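One structure, pasted below without further comment.
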């Protein structure tokens, strides 16, 4: 049994002149929780719907468990979807909604009853069997939609921004519950979201998408700490993208005549590049690598202060130092040194 | 939903085939016969007869005149009602009742509706009796079998169309716009004239053209309420087909009526499109 | 506090609206009222109360036959229109293809063309294919006349339809066929019911198409009334009219219960 449950090879989807997917290559591992992350229009939903079978790709292949599925209608694919707006059948009770899948597979009614009860139990909705969808709150509908999908024990569960319509508090709770459900069921989850925090909290791996392509694939930590492009760095978390110039020694510096920083620019002298440092990795007063700056503004953000510091090249960066006391003493207009542990910054070629 | 190619052909093909066979082809045969003689030779004589005989011109113009009057009266009666039922009737129950009153005539045969007016407008009918009782007239007025009677009858048929069309447009008007107009200092009248009326114009235009088109070609109402004393185009067509049995000349009359109607629909669609683009 | 002029304006508007409603309701009320008059002639307000005109109507087999012909014709046209109009509406709502606008226009054109022209066209065509003045000719014409109503309401019901519901059904293993009957149809049913009732009533009240294909034996109730009214005006015709008004009211009420009369008759979006 191969480790990869889904293999996507060179998937292209074009709508007239618009390219929604531009040759996606992706292997999804058996049992993993994979998030497709990106802004709207990046192709993440198109990719998910291609796996579900609602979209016929223009080119490329999708294999589920080694079998090509292009051309197989959605009702014959071993996948189930949790839809963005839940798509619960409004004319059916919760029980009938959940029994819909098993009934299509001609599971005996006596067994269906148990299956429905189990599925509802699993999502914490045991008492709601005879309700209609419109009598449920958004969060409850969400749980029923989940139960309706998992009752079929699909090989892959596809989730299309399922938490998008919930309020922040409920969303956070559901994130944890989804994560637990994933562990309990051992199914493969493919989760589409534009919310980077959601992706970080739940996923084993994240595929960051842009303009119909996967630009980086890796664990949350890899993507957060070692983004491979400005795009990823900017999209995941908050990042200071410092414009640098490459010196004759190959090192980067903030201005042409400024001091060299201990990072290889990776390109010819005089060319420009980007140094990425996360605001929370920055330390006041230096330590590791440090640079000069002037405090433009400071605001209190609850757990810490946020400092806006102007650099020698005129660029403004955000510093979120761990120490509240040190930041408190600073005055706007003051010159200061900010630094970071050397391994926390990266030069981004793209 | 995914629909296969074969089922697509069946699902759409059968109804389209039906309309071609029993709608387009019959129309085609009307047009063909309007362009042929009884022996099957092609001719423009049927149209020549329509164009050269002033009687037909007068009838056509009379039909248009009736339709125009009807449209104006329908607008005057329908617009205030559409406005009131959209903005001033808050209770759901009342709205329902009003809609039922508006729609029920629409669901009643034009015969029945003409018959109602035949009774009301007669020499000794309710309207005349009331007028006399109110001392407004001394002896019964001639209300039937003339232009007035036909216009009233047609108006009665057409008001629901206007009300429903205008109400559809008014319902989609954002209430905040009216509030904004009032907030900016407009009196209710000015708010109506400067905001509501211009925004409801597409509905008025659409409603007017529906009413005009249907009135031009109405048959039952004019033939009952004219008492045979006045003639409209549709009555001429009926005569040719059901009494004279001249399908060729009848066809020409139908085509003339049809083309004038099609021109109106074209105008109607152009206006709708223009409003659709600016709105 | 509204200004006096505003209140006068508002009062005038309300007054005009009440008059318009009275204008719409009054003739039908009059017809129903005079159907109960005890006089031999039409009298409004009616004198006394009697059901003899209804008895006369039901005692006259030619009226009853017409009533049945009309009912049969309206039911048959509605069924045909549903069978043809629902699939057409489904495809037009769901598929985009070349010439779709033209086909949609073809389906709606019987709504805007003069009915009398449809009537003469059907007569002439029925003559050519040898079915003139038969039930088939009536049915043929009425299906053309009423199909647009079914098509239009199907299209309207589907335009607000959440596509993901069908996708969910297919995702859960339903074939397209099952999806239609388990999910789509139950959800658009109110619209279909309304469209079907519109279709029924349009056929039920039609004169312009039916008048060309009637014979003394094969005649719908509106055409029968139309012929009758040219020679006699008596309370029987009032009773007949009243019966068709009752049918109209019942139909309107059913539509109201099925989808809400307001939603069914305006293009309002909720």
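Residue numbering begins at 1 within each chain, and the chains themselves are lettered A, B and C in the order written.
Note that a residue touches a chain if its C-beta (ideal position, glycine included) is under 8 Å from a C-beta of that chain, and two chains touch if they have at least 3 such contacts.
Small disclaimer: the values here were computed from a predicted structure and weren't measured.
S.K.: Go through B-C and A-C and name the pair with more C-beta contacts between its chains.
M.R.: By the number of C-beta pairs in contact, the winner is B-C.
S.K.: Specify the chain with the shortest distance from its C-alpha centroid to the centroid of every protein C-alpha atom present.
M.R.: Central chain is C.
S.K.: Using mean C-alpha positions as chain centres, tell me how far chain A is from chain B in Å, no decimals.
M.R.: Averaging C-alpha atoms per chain gives centres 59 Å apart.
S.K.: So, what's the distance in Å between the C-alpha centres of chain C and chain B?
M.R.: So the centroids are 16 Å from each other.
S.K.: Distance between chain A and chain C based on Cα centroids, please, to the nearest Å.
M.R.: Going by mean C-alpha positions, chain A sits 55 Å from chain C.
S.K.: Touching two or more other chains, which residues of chain A qualify?
M.R.: 73-74
S.K.: Residues touching two or more other chains, restricted to chain B: which are they?
M.R.: If we look for residues of chain B contacting two or more partner chains, we find 2.
S.K.: Identify all positions of chain C at which a residue touches two or more other chains, and write them in rising order.
M.R.: Residues 170, 176, 179 of chain C each touch two or more of the other chains.
S.K.: Residues of chain B touching chain C in their complex?
M.R.: 1-4, 7-8, 10-12, 14-16, 18-19, 22-27, 29-30, 33, 77-78, 80-81, 83-85, 88, 95-96, 98-105, 107-113, 115-120, 122, 125-126, 156, 159-160, 163-164, 167-168, 171-172, 187-189, 210, 213-214, 216-217, 219-220, 224, 234, 237-238, 241-242, 247, 250-251, 254, 257-258, 261, 265
S.K.: Can you check the complex and tell me which residues of chain C touch chain B?
M.R.: My answer: residues 2-3, 5-6, 9-10, 13-14, 16-17, 19-21, 23-28, 30-31, 34, 42, 44-45, 84-85, 87-88, 90-92, 94-95, 103, 106-107, 109-110, 112-118, 120-125, 127-128, 140-141, 143-144, 147, 151, 163, 166, 170, 176, 179-180, 184, 201, 204-208, 211-212, 221-222, 225-226, 229-230, 233, 237-238, 241, 244-245, 247-249, 251-253, 255-256, 260-262, 265-269.
S.K.: Quick check: in the complex, which residue numbers of chain A touch chain C?
M.R.: Those in contact with chain C are residues 52-54, 73-76, 79-81, 83-85, 87-91, 100-101, 104-105, 148-149, 152.
S.K.: Spell out the residues on chain C that touch chain A in their complex, using ranges where they run on.
M.R.: Chain C residues touching chain A: 162, 164-165, 167-176, 178-179, 182-183, 186-187.
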